[in-house]
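Residue numbering begins at 1 within each chain, and the chains themselves are lettered A, B, C and D in the order written.
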Amino acid sequence: MVKRIIILLVIVFFAIIIFPLLKVDPTDSLSSLATKYIRDGADELGSANLVTSIVVTYRGLDTLGEVAVLFIATAGVGFLLRKKKNSSANKRRKSSEILSSGTSFLVPIIFLFGVYIFTHGHLTPGGGFQGGVVIASGVLLLMLSDVSLKFNHFLLSAIESFSGFFYIIIGILGLFLAGGFLDNRIFSLGTFGNIFSAGAIPIIYSLLGIKVGSELVGILGNLRDSE
Amino acid sequence: MAEIIYNISAIIALAGMIIALYRMVKGPSIADKAIALDVMTIISISLIVYIAAISQKIIYTDVALVYALISFIGVIAIARYLERGL
Amino acid sequence: MITIIVIVLGLIMIIAAFLAIYQKNLVAAVISAGVISLLASILYLLLAAPDVAMTEAAIGSGLTTVVFLYAISKIKKKDGE
Amino acid sequence: MLMLIGSLITLIGSIFLFLGALGILRMPDVYNRMQAGTKATTLGTILFLAGLALGYSHCTCWPRILTLILFIVFTNPISSHALARAAHHIGINLTEKSVTDKLAEDEAENGEKL
């Protein structure tokens, strides 16, 4: 009885907190830093999506930290789960004909869509993380339809480390050619709203997408192939 | 006039979502709950495009594209788990 | 109109959260958690954050479900031995 | 005028969505619920999106809506099929009124689970 009452009180408490959020106008009171980003961000960095320019350039070091956190998670999963000695792939039930032919039709579309998301990160909502997750979902569909799919874990970790390496290289290039670490103005800004604009943001987002996608595929492959 | 009909359509779709939730609460087997999840996904894709239309922002439809392409993988994973193929 | 959508979706999310906690069957709880992230992404869209909505849609509906199901199947295998 | 036509198409689509949801509530067993929840909602979504694209043509561009409809038409039957096959494999019974079960007949003929 006491438990029920406590649950009810918690719900009422959160309702009181959350209900005023319905009337929030996202533009009413901004801090001075946010005002500066909104006023100068589009002219300074040339990206049509302001969130992208904040995440990649103004707060680029935070994004680097997030990718490092994801890398540590992958390493932890690979460290904790033991490798299976005898493969028990034939114990799993095979998928049906419709699922495998539908997969062979849909997986290229999913990969293409993931590439679209991370190369258009400076124009549409989306970016490296979202595109990487979409690509990992395509590989996941392959795993679900094909029980004997083998992963080359060495190749995955090589792709992941090289994309991380080039990400850091671009960041250091910003120190020499432009204003600071991870500055995107090392290339010309281009026309506002084109695909080839906003300096290094599309390149950084492509590297991020490849890195996140290979890390998530590594986690899923480790989960499947372990005991 | 047309806006009122659009709003009525969205409310009917929301009512469909509530009915699907009732099947998810009640559903005797796991497969019933997975069907309810499938129907709720489809109705939410419709609602996302409705929100994109009435708030006059084209880029919101990208979220619906991600939904239509990704969310069926979850249902397939549940099915493969049930038939011991995961 | 937007207010009606927010209230109905919030109520459905609360019911699905209760289901996810109180259900005995673990797979049913995973499905309920999937419903929560499904509706949370619509709410993010209504709060004018399409980036977050896209992340929630991609991760919540596909990947976390599969990771949970892998974990449950590993636990079941350990219990069976 | 175009907006009125679009809104009526959207209304028809939303009624199909509602009927699909009502089908998964009222139908007697898993397989019947599945066909109500797939066929009716696929048609309903196509009509809903087409009506919105017709009415708000200045802010929802046609190519995106067409791509969305194509994705739904491709992905929805695959997930439904996988779920139906899994439900048959774990032995969920058909309702008493159903007259035929071709998958069970095939499995009895081949002597193995397909």
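Throughout what follows, a residue touches a chain if its C-beta (ideal position, glycine included) is under 8 Å from a C-beta of that chain, and two chains touch if they have at least 3 such contacts.
Please read all numbers here as calculations on a predicted model, not as lab measurements.
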item: Between B-C and A-C, the pair joined by more C-beta contacts; value: B-C
item: Inter-centroid spacing, chain D versus chain C (mean Cα positions, whole Å); value: 21
item: Centre-to-centre distance between chain C and chain B (centres being mean Cα positions), rounded to whole Å; value: 12
item: Separation of mean Cα positions, chain B and chain A [Å, integer]; value: 24
item: Multi-partner residues of chain A (each touching 2 or more other chains); value: 93, 95, 99, 106, 109, 117, 125-126, 130, 134, 137, 140, 224
item: Of all residues in chain C, the ones touching two or more other chains; value: 50, 53-54, 58, 62, 66, 70
item: Of all residues in chain D, the ones touching two or more other chains; value: 71, 75, 78, 82, 85, 89
item: Chains that touch, pairwise; value: A-B, A-C, A-D, B-C, B-D
item: Chain C partner contacts - residues on chain B that touch it in the complex; value: 7, 10-11, 14, 17-18, 21, 24-25, 30, 33-34, 37, 40-41, 44, 47-48, 51, 54, 59-60, 62-63, 66-67, 70-71, 73-74, 77-78, 81-82, 86
item: Residue ranges of chain C in contact with chain B within the complex; value: 1-2, 4-5, 8, 12, 15-16, 19, 25, 27-28, 30-32, 34-35, 38-39, 41-42, 45-46, 50, 53-54, 57-58, 61-62, 65-66, 69-70, 72-73
item: Touch list for chain A against partner chain C, complex; value: 11, 18, 21-22, 24, 26, 51, 117, 125-127, 129-130, 133-134, 136-137, 140, 216, 219-220, 223-224, 226-227
item: Residue numbers on chain A that touch chain D, as the complex places them; value: 93, 95-96, 98-99, 102, 105-106, 109
item: Touch list for chain B against partner chain D, complex; value: 1-3, 5-6, 8-10, 12-13, 15-17, 19-20, 22-23, 29, 31-32, 34-36, 38-39, 42-43, 45-46, 49-50, 52-54, 56-58, 61, 64-65, 68-69, 72, 75-76, 78-80, 82-83
